[in-house]
Amino acid sequence: MSNSTGRLFRVTTFGESHGPALGCVIDGCPAGLVLDIDAVQADLDRRRPGQSALTTPRGEADRVEVLSGLFEGRTTGAPLCLIVRNVDADASAYARVSEVYRPGHADWTWTEKYGHRDWRGGGRSSARETVARVAAAAVARQFLSLEASIEVVAWVEQVAEVTALIDEGTVTRALVDAHPVRCPDPDAAARMAAQIEAAKHAGDTLGGVVACVARGVPLGYGEPVFDKLQADLAHACMSLPACKGFAIGSGFAGARLRGSAHNDPLYFDADAGRVRASKNDAGGVLGGISNGERLVMRCAFKPVSTHFQPQQTVTRSGEVHTLTNSGRHDPCVLPRAAPLVEAAVLLTLADHALRLRAARPFGRERP
Amino acid sequence: MSNSTGRLFRVTTFGESHGPALGCVIDGCPAGLVLDIDAVQADLDRRRPGQSALTTPRGEADRVEVLSGLFEGRTTGAPLCLIVRNVDADASAYARVSEVYRPGHADWTWTEKYGHRDWRGGGRSSARETVARVAAAAVARQFLSLEASIEVVAWVEQVAEVTALIDEGTVTRALVDAHPVRCPDPDAAARMAAQIEAAKHAGDTLGGVVACVARGVPLGYGEPVFDKLQADLAHACMSLPACKGFAIGSGFAGARLRGSAHNDPLYFDADAGRVRASKNDAGGVLGGISNGERLVMRCAFKPVSTHFQPQQTVTRSGEVHTLTNSGRHDPCVLPRAAPLVEAAVLLTLADHALRLRAARPFGRERP
Amino acid sequence: MSNSTGRLFRVTTFGESHGPALGCVIDGCPAGLVLDIDAVQADLDRRRPGQSALTTPRGEADRVEVLSGLFEGRTTGAPLCLIVRNVDADASAYARVSEVYRPGHADWTWTEKYGHRDWRGGGRSSARETVARVAAAAVARQFLSLEASIEVVAWVEQVAEVTALIDEGTVTRALVDAHPVRCPDPDAAARMAAQIEAAKHAGDTLGGVVACVARGVPLGYGEPVFDKLQADLAHACMSLPACKGFAIGSGFAGARLRGSAHNDPLYFDADAGRVRASKNDAGGVLGGISNGERLVMRCAFKPVSTHFQPQQTVTRSGEVHTLTNSGRHDPCVLPRAAPLVEAAVLLTLADHALRLRAARPFGRERP
Amino acid sequence: MSNSTGRLFRVTTFGESHGPALGCVIDGCPAGLVLDIDAVQADLDRRRPGQSALTTPRGEADRVEVLSGLFEGRTTGAPLCLIVRNVDADASAYARVSEVYRPGHADWTWTEKYGHRDWRGGGRSSARETVARVAAAAVARQFLSLEASIEVVAWVEQVAEVTALIDEGTVTRALVDAHPVRCPDPDAAARMAAQIEAAKHAGDTLGGVVACVARGVPLGYGEPVFDKLQADLAHACMSLPACKGFAIGSGFAGARLRGSAHNDPLYFDADAGRVRASKNDAGGVLGGISNGERLVMRCAFKPVSTHFQPQQTVTRSGEVHTLTNSGRHDPCVLPRAAPLVEAAVLLTLADHALRLRAARPFGRERP
């Protein structure tokens, strides 16, 4: 497997859904950062299920513990290891399907590739592994805030057919969290919630789209030709569970525009003392490098694979099996996916913040 | 910058639009591969502009030269260096805009980040850098064919509002190349060509979508949790010039489906001796790992940034400037983008083919 | 910092001398390996101090705990996280020197580089970080045993002026451990022990040389031109605390030989069915690749920096300070360095075992 | 193979002894560096054989050509590709031994590992590959001079039994080059030359030791725990052809010292405004990080493998063969090894110079 990401802000994650613990090691975070552990915990709490009737009520406490890298409340440059113990880890419910390949899940491919699989709650393939990403990203968030006053906010833009139009310039995490569906447009949020309730009632599940903005990203993040900022952002987002699509700026809609409409005109903003774009179809990147405008991204999530209608599948030994799930499962992960998209974006930006440090050209003052 | 990609099939590219040469170094390609240089040249020829009235007539010969790594026609395990000399490299036309930030282009961000910029034809930020990717991918194609009988075909699925529906199971590169617009549906191709002509006449430009299928990819490519196959594919595709979106399988459309409709049912295919999916909304990946079904991807490309209508912009020193382009430029890069998407996919698959070799579990026969 | 090593058998370590825990994450270990935790604990116990009057009596239990990656006793391909809690972590003795730069120690450079330093027992710069390397290497040892029947044995070859001549073909870990000084020549061991006792009595410390053999390494490990096997072995060994020199085969002594004496003649060994070298001045590598003969390496360790004689130094604020240490400290780390050299070699070989898998050439049967 | 090195100042090399060209790609060199190509050529000329009666008279011109990354004489941040064409590449002399495994050479291991080998002059395993390292290092030298006023000088300290004692503080490249044997002590140089002549007359070859100093390295290079500066230096040096040992500071000799003699006392140098060491047994590193004192390293080189006395060996098919070389070959590579050690050190320092940029802690002014 490949459980590390980033070149300079390097994050390694580990842990299974029903193992002893999940965690991350962050190597490369500069020394001297005052780490607010309560804020890390708050980010973990946002990811945690069971916060509303719309999400699974599994009672995970998800308390973060710092094993290394902190001294007197500040980072030392040494690797930070953060772990979260699994406490509500009764796997017996999964034993029933340990030999069954659940459609839409990783059971099939992981078993065939690795031979030996931890089937308890999906093991390493469980979306619960994102606990570790969120913990690491909470550190990245604090680093980015200090390094460049960056803030990253993601929200649910679409659930099934319901779409919201949100102002990327003013949306905040508080606005996002105001409704359990994590859509900051109350009307759209209410309709989304209704859709989720209906799907739950029908034993079915929904997908949707999470949008994300990063404000305050300075010009210069991204390393052409292969590690363009949008490429690394796509890599991070597309590694999230259930994510099937990524777009930046105009994305797939932009493919329908004319060049004369798509290009963002430029002007010199005397107040800011720098060049600006007068609109943002580019989504904050040009030539693979952030241009100082807002980064705007979208991630498509497929509907949750665990629904409650009968499904045709096979067992590990190839026998026909009709699977009918029961138990507690989210009918829609979108509200919980928003913090994951934030985490993916934060980790990518933290890495490029450090990479920009190293790329400083000669012949100009330090940025 | 970051001009290397891949962990085991490692490709490094170099070169500018109007410099002496472009090229790639491929490190990690196994020894003993009989390399068909004519096939490499043919892949380069497919990327080359000037093949039809729809694309720019710049007369680049783009002859590949092998500097290292081959002996008696076979790879030796040593790094392959392939270069292409620039022969039609008159940069004088660019001198006029060397101080102007062209909207939609990299001029702004690259100049501000690196301070010193090769403005001749865009320098390193020119789409011409993809010559090197295509050369490297031509080697990857031959490697993958030998390693696992993989074939990768990309085509133009959409230009502006015109969309084609293509059978991913049967489309071939010959069918794609049958029409200069590289859409294998002749009716759609004709309508796309008409749109391109109309845009050209209007001094405007178009975007669109390239679709790509990889057939023959065995179960097992992809390394969770960060280097899931779709994540690495997205990374490769989103690093292509002008690419603004990536999707696998159902992509953004899948976000509107119910789980009961989206999940692909599984069955045991006795003829193939393996588990199969009875449809392919997953697009060939489950849990980040290829499942043996066809990989199906889509890439959105923004309209070409160089159009011929007046644009508001600034110079390097911040002065207001109205830019009106002239000269020869593609009104639509989609036909030429198809080989680039193939290249991105091929390089990613070649890397994961080698990574799968290393991941072989104990307790089972070698794959 | 950089706390990860290996390209395919990737190990990340974390933890401080007096923090909550030390640990490692191993990513890339193939699935299906039956992991003997008792053997991991045994390797940790070998590293542990306090085993004899010759080493520091700090009462560390160093019990390993597996946080992830194991299921039903076998690896799953997921990252293994192993941690060891710090239990004897009274740092108050260090407070006295928290502002003093101890000569020979990392205090000076780490403080100046990172600004904020965990001074408790040296923090991350303590040799105690090697607990994590040994834990990871214990997994590597089991992997290598299964992959290629490799065994790695290190011993103390020299303490100060006393040198032992050991047969690399027959030395075992049991023979090494038979004497607390870890020199398998009883006479030399006794003389070494006497030197150590004398140094201890004088309040002084000693250095020495650890030799190491790896038997059973197949032909093919090592990746020219930069990751030649000896280069990666040197990297791993030279990253050990106090290591100031590395040599393979004839090493520095070979620099005095003539080519006619140094070259190892080759012959075909009909019994083994392969080419062999009739002597081994090469130390098991040719052209950067293992040749199937024994790997033989040597590592020079400087004398322990913490001695008990007065030393001239400065405080963090630059004031003159005369340092006189007290407390319990090893007068000679060589007995404990032998397991560390083994660990460095094991981690390097595990990585190259996987890299060899990926490098299999076409046109020959699988190795 | 693995032909890239460095994390941020990333160098990839390619090329064979008798192929079309050798070269390097440097990715990560900051933009804005005025590159003196004549100085690059001068460094290549230093490496070139045929400069005296003591070295092989092969008439290689080794003219460097820049394929990319330069514009108007300055780096742009884009990858620099430098190549050197092979012009004196008559391989017919090697055809005779194409099936013979020459003792001490890579023939055996490379053929068995890769199956298909370029036997012309050793192909990729030839020491001629170091042309590319020296070219890359010549760029690194100019970068380091601008970044931190670093200068690196290597010299021949020992040939067979003759050893010179050189002042590391004052030795210069001009002094080194004053004698063809590249030992800046004229008396020792004369004795070394006599030894080389005698060995040449006897049809035999010699080894020796190259010493190297890096002056001006600021405190802070090196990244514990795995990429300590001495570990990366060892990696770079041990990857040089024929290098069998590496030491820093007191090295193997230090293993015989007492701690009270070895530790370097510290003091505050008011003139320099920083802490200094009053001697330098550490060799410029403490805790894996440069301390601002001179880096002092030594590399042991085995005697040249191609001598002219009969040698027992086998052919590729395992038949007994007595090899007797003829032709033109260096009896001692030490004079040519000095520039290679410089190159290894320069590339390592360039990488760590950039890594230090990224590691800047919070709470202190920029270094």
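Brief remarks on what is shown
Going by the order they are written in, the chains are A, B, C and D; count residues from 1 in each one.
To be clear about the criterion, a residue touches a chain if its C-beta (ideal position, glycine included) is under 8 Å from a C-beta of that chain, and two chains touch if they have at least 3 such contacts.
In this text, all values refer to a predicted model and were calculated from it rather than measured experimentally.
Chains touching both chain A and chain B: C, D.
Looking at A-C and B-C side by side, the one with more C-beta contacts is A-C. On a Cα centroid basis, the chain most remote from chain D in this structure is A.
If you average the Cα atoms of chain A and of chain C, the two centres end up 39 Å apart. With centres set at the average Cα position, the gap from chain C to chain D is 26 Å.
Rounded to whole angstrom units, the spacing between the C-alpha centres of chain B and chain C is 45. Counting partners per residue, chain A has 1-4, 7, 13, 28, 31-32, 74, 77, 113-116, 124, 355, 359, 361-364 as the residues that reach two or more other chains. Note for the complex: chain D touches chain A at residues 7-8, 28, 30-33, 74, 77, 146, 354-355, 357-364, 366. Of all residues in chain D, only 1-4, 10, 12-16, 19-23, 25, 27-28, 31-32, 65-72, 74-81, 83, 113-118, 120, 123-124 touch chain B in the complex they form.
Across the interface of their complex, chain B is touched by residues 1-5, 7, 13, 101, 103-110, 112-116, 124-125, 129, 158, 160-161, 199, 203-209, 219-220, 222-228, 230-239, 243-252, 254-268, 275, 277-278, 281-283, 285-291, 298, 300-307, 309, 311-314, 318-320, 355-356, 359, 361-364 of chain A.
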